[in-house]
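Next come two complexes built around chain A: one with chain B, the other with chain C.
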Partner chain A sequence: MSARSPTHQTRSHRSGPVPPSLRSNLLVLAALLVLLGLSAGSALIPMGVFNEVANLGIAAMKALLVLVFFMRLKTDSPLLRLVAAAGFAWLALLVALSLADLLSRQNLLPPW
Partner chain B sequence: MSTAERIAPSYLEEGFSLRSWLGTRDHKRIAILYALGITFFFFLGGLAAALIRLELVTPAGDVLSAETYNKVFTFHGVVMVWFFLIPSIPATLGNFLLPLMIGARDMAFPRLNLFSWYLYIVGGLFTIACLLLGGVDTGWTFYTPFSTMFSNSNVMLAVVGVFVVGFSSIFTGLNFIVTIHTMRAPGMTWFRLPLFVWSMYAVALVMMLATPVLAMTLALIALERLFGVGIFDPALGGDPLLFQHFFWFYSHPAVYIMVLPAMGVVSELITAGVRRRIFGYKFMVWAIVGIAVVGFLVWGHHMFVSGQSMYAGIIFSILSFIIAVPSAIKVFNWTATLYKGDISFTAPLLYALGFVGLFMLGGLTGLFLAATALDVSLTDTYFVVAHFHYIMVGGSVMAYLGGIHYWWPKITGRLYSEAWARFAAILMFFGFNLTFFPQYVLGWEGMPRRYHEYLPQYQVLNVLSSAGATILAVSYLLPLGYLLWSLRHGARAGANPWNAQGLEWTTPSPPTLHNFEETPQVTGGPYAYEQP
Partner chain C sequence: MSVTVRHLREQFDDAVQQREASTLGMWAFLTTEILFFGVLFAGYAFCRVMFPEAFAAASRHTDMLLGTLETAALLTSSCAAALAVREVQLGGRRAATWLLLATAALGSAFLVMHGFEYVAEYHEGLIPGLRYTQHGPHAASMQLFFCLYYFITGFHGLHVSIGVGLLLAMAWRTHRGAFDQDYHTPLELTALYWHLVDIVWIFVYPLIYLIGRAL
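Here is the complex of A and B:
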């Protein structure tokens, strides 16, 4: 995979950034596996509500690694980064306004 | 007008075999394929509507059983929303016109464009299979827990059909965005784009950002229904309101997927019909973008009485009022464009004016429903049914038909009978109001929706509504007749029969395979009608 010849790259129609090297891919893979181990290991340590916090934090880091390196956002154009960010912003809208409901719900007792 | 002289054969003459159509990558032919598909589904959904109106002529449930009635209105909703309204303007007029309007040879991804059409057809086949195997009775909204725990009808078939057609939407949106970003002709800057292109851009963004949430929601229904995974079922730790949040996060923006393209069409129709530059071009652009963005923030107004918290209700109510602002800007600007215009009441302009009036009525009654206190009594009544039909049918369908009339000479190279077209447009306006205005009154008086029986005091208005539906049906069949007639007997259209502005009118009618003989150079903004 890494041994892409220069001719291949010049012939490519892709106008985006140069693909990451094998070394970079392997490093990110290793980081993802370490984070996976941490995620699984954290289940064995009782931290109460912080178990969830830790797991969500680790998941966010994994997602970020995939976005930045595997999906090449680090080296791609600002427009593409904006598009990716918009996807997250919209997801944040969905979560935030749904939580606006969930977190402010009150159990209304029947009037009788 | 040298580019309009025919040098190559038109896109219709590029091949006559079935294979040349089903394997085409030409955006114009794909638009025609979509047009055939959505016309079929429009009349199929219309047939279901006819059954509903027939049942409601009398207070007793004497034509359809309660169960069948549920299935008929569900089928009507599913077909009309996903197989007609959502793809109607973008997939037909958008596909046909977008490259022409920006001076491009085709879409950015022609194969993906064709693939989108096949997905649309596959989704449609699932929906028809669902109907033939007994139908589905959940309503087009697939509300849980009924859809996941209780309904014995073919929920999964309908869900798969909608899931598949959703991807057709996503790919069309992707194609539009990339095309507009990368394939504009030299000189076609963002603020020289016709408003129709802006509306296609905005709608493509909405399709891309909202439709994946629908796909995810439908997948979750499948997970819960088939495997008992607790997502929405409280007994399994789920939350039924979560479904409504997810569903309306897609489905309210979906209303704007239906109406934004209509607004784009109407801007073209009005400027050409009154021979005036659009009033406040930049305001119109920002209004389109504003509606697309704020349209994502109002979904909770569908949930005021479903158990959503009061505070969330207040937030969504305020946001829903806010979205009326850009909508009003558009209505005012269309009206201002008419001022001192050289108005000729051609059929496309009649449709466009019909749109403005009906959209305004639908929009203003939306404000009634956005008011939380009033919504408590109006939820699930015919007031809501009337409101959204004014937007979707009065708005989108009128604009779609207006657009079809306006660009028919470009698409087919033929002229239709203007007299018949004007008659149909006026009849449609009359039939539409007779069908749906009584439903406002019925809803205000408290008649609930989705029942096959009703109290006798509601009969007069229901009979009026059903009578209107008959007129409406005739007015929808008329264009089918005279437009098809024109294909064989209509006079040949020149390149620019309306003497309109826009790059699409500089090409021959019908255009050649690659649209332009030479890449056009754009030197000014759109709608330059008043130049001496």
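Here is the complex of A and C:
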């Protein structure tokens, strides 16, 4: 037990990934809050369709930061990255195919 | 060694394998959660394409300031949860307990702020089926936005409430010394759940609060 005091930390954990540094976690939080500010600020500027692009782009960046650093997909097993990617891929399919149906359908008049 | 063996179930070779099985199981659950909320988001996308003006008009009725503060609270709580796991991994039990309590407090603050929003919306008459007093050209299709809004934020709030309960339980167990550098899987999985709830809100925020703000 004595060899495991924080001062003798070897940075290799037997059952899991190496814990991140305090600095990196706080930097991620700062980045998330800056992105939140950008998101709120950009929403007030009229940019047409680019308002939506900015909103969703920033949200995707924030989600990615949380996934990679807070949920530790960066350092954890590649299998988890695969499962997480699969979850979002099915979601993308769900939204894309629903919208494809809606956006590509024409009102066909009956022939009589 | 004895610490590791104490928590090792017989079907696993070692602690690494045991932890991998747990995190994989949690991620499998989290993907079902992604699709659970995904259905609501897909419904939102569908309705929004059908009625873009009504959605913009309805979004302007939501409270952007409270929404932004709620987002900040959840983002900060996520960082606190990540730091709590880190602390336990480095052997800091006391700090981890406080970080978990802070996470739960921020989650509760989120719920209180959202409660104020619901009350304000009730008084404004924005709840379809319960109290809906809107008039004008978009009033009918705006109900679709508010239905989706209550389903999405309602289910999200339920997840936050469950998360706060789990975080308090984890804070208690951490305080009692149930976790150490070798074994802290329940804490890790609770943090994963909390981060996913945060990610859901990261997408709720622009889709509910930020459309139609620029005029």
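Some notes on this structure:
Definition applied: the second predicted complex is superposed on the first by the 92 of 112 C-alpha atoms of A that agree within 3 Å, B and C clash if a C-alpha of one lies under 4 Å from a C-alpha of the other, contacts with A are read in each partner's own complex, and residues count from 1 in each chain.
Everything that follows uses one rule, which is that contacts are C-beta pairs under 8 Å (C-beta built on N, C-alpha and C of every residue); 3 or more make two chains touch, one makes a residue touch a chain.
These numbers were taken from a predicted model, which means no experiment stands behind them.
Applying the stated contact rule after C-alpha superposition, one finds that A:A59 touches chain C and leaves chain B untouched.
After overlaying the two complexes on the shared chain, residue contacts for A:I45 are found with chain C alone; chain B is out of touch. By the touch criterion defined above, A:G87 lies against chain B and chain C together after alignment on the C-alpha atoms of chain A. By the touch criterion defined above, A:A100 lies against chain B but remains apart from chain C after alignment on the C-alpha atoms of chain A. By the document's definition of touching, neither partner reaches A:V34: not chain B, not chain C.
Measured by the number of chain A residues touched, the leading partner among chain B and chain C is C.
By the touch criterion defined above, A:F70 lies against chain C but remains apart from chain B after alignment on the C-alpha atoms of chain A.
In the superposition on chain A, chain A positions 79, 86-87, 90, 94, 98, 102-103 are in contact with chain B in one complex as well as with chain C in the other.
Taken in their complex, chain B has these residues touching chain A: 181, 209, 213, 239, 241-242, 245-246, 249, 296-297, 299-300, 303, 307-312, 315-316. Chain A makes touch with chain C in their complex at residues 1, 4-6, 9, 13-16, 19-20, 22, 25-26, 28-29, 32-33, 36, 39-40, 43-47, 51-52, 55-56, 58-59, 62-63, 66-67, 69-71, 76-77, 79-80, 83-84, 86-88, 90-91, 94-95, 98-99, 102-103. Interface of chain A with chain B (complex): residues 79, 86-87, 90, 93-94, 97-98, 100-106.
The touching residues of chain C, when paired with chain A in their complex, are 3-4, 15-16, 18-20, 23-24, 27-28, 30-31, 34-35, 38-39, 41-42, 45-46, 49-50, 64, 68, 71-72, 75-76, 78-79, 81-83, 85-86, 89-92, 181-183, 185, 188, 191-192, 195-196, 198-199, 202-203, 205-207, 210-211, 213-215.
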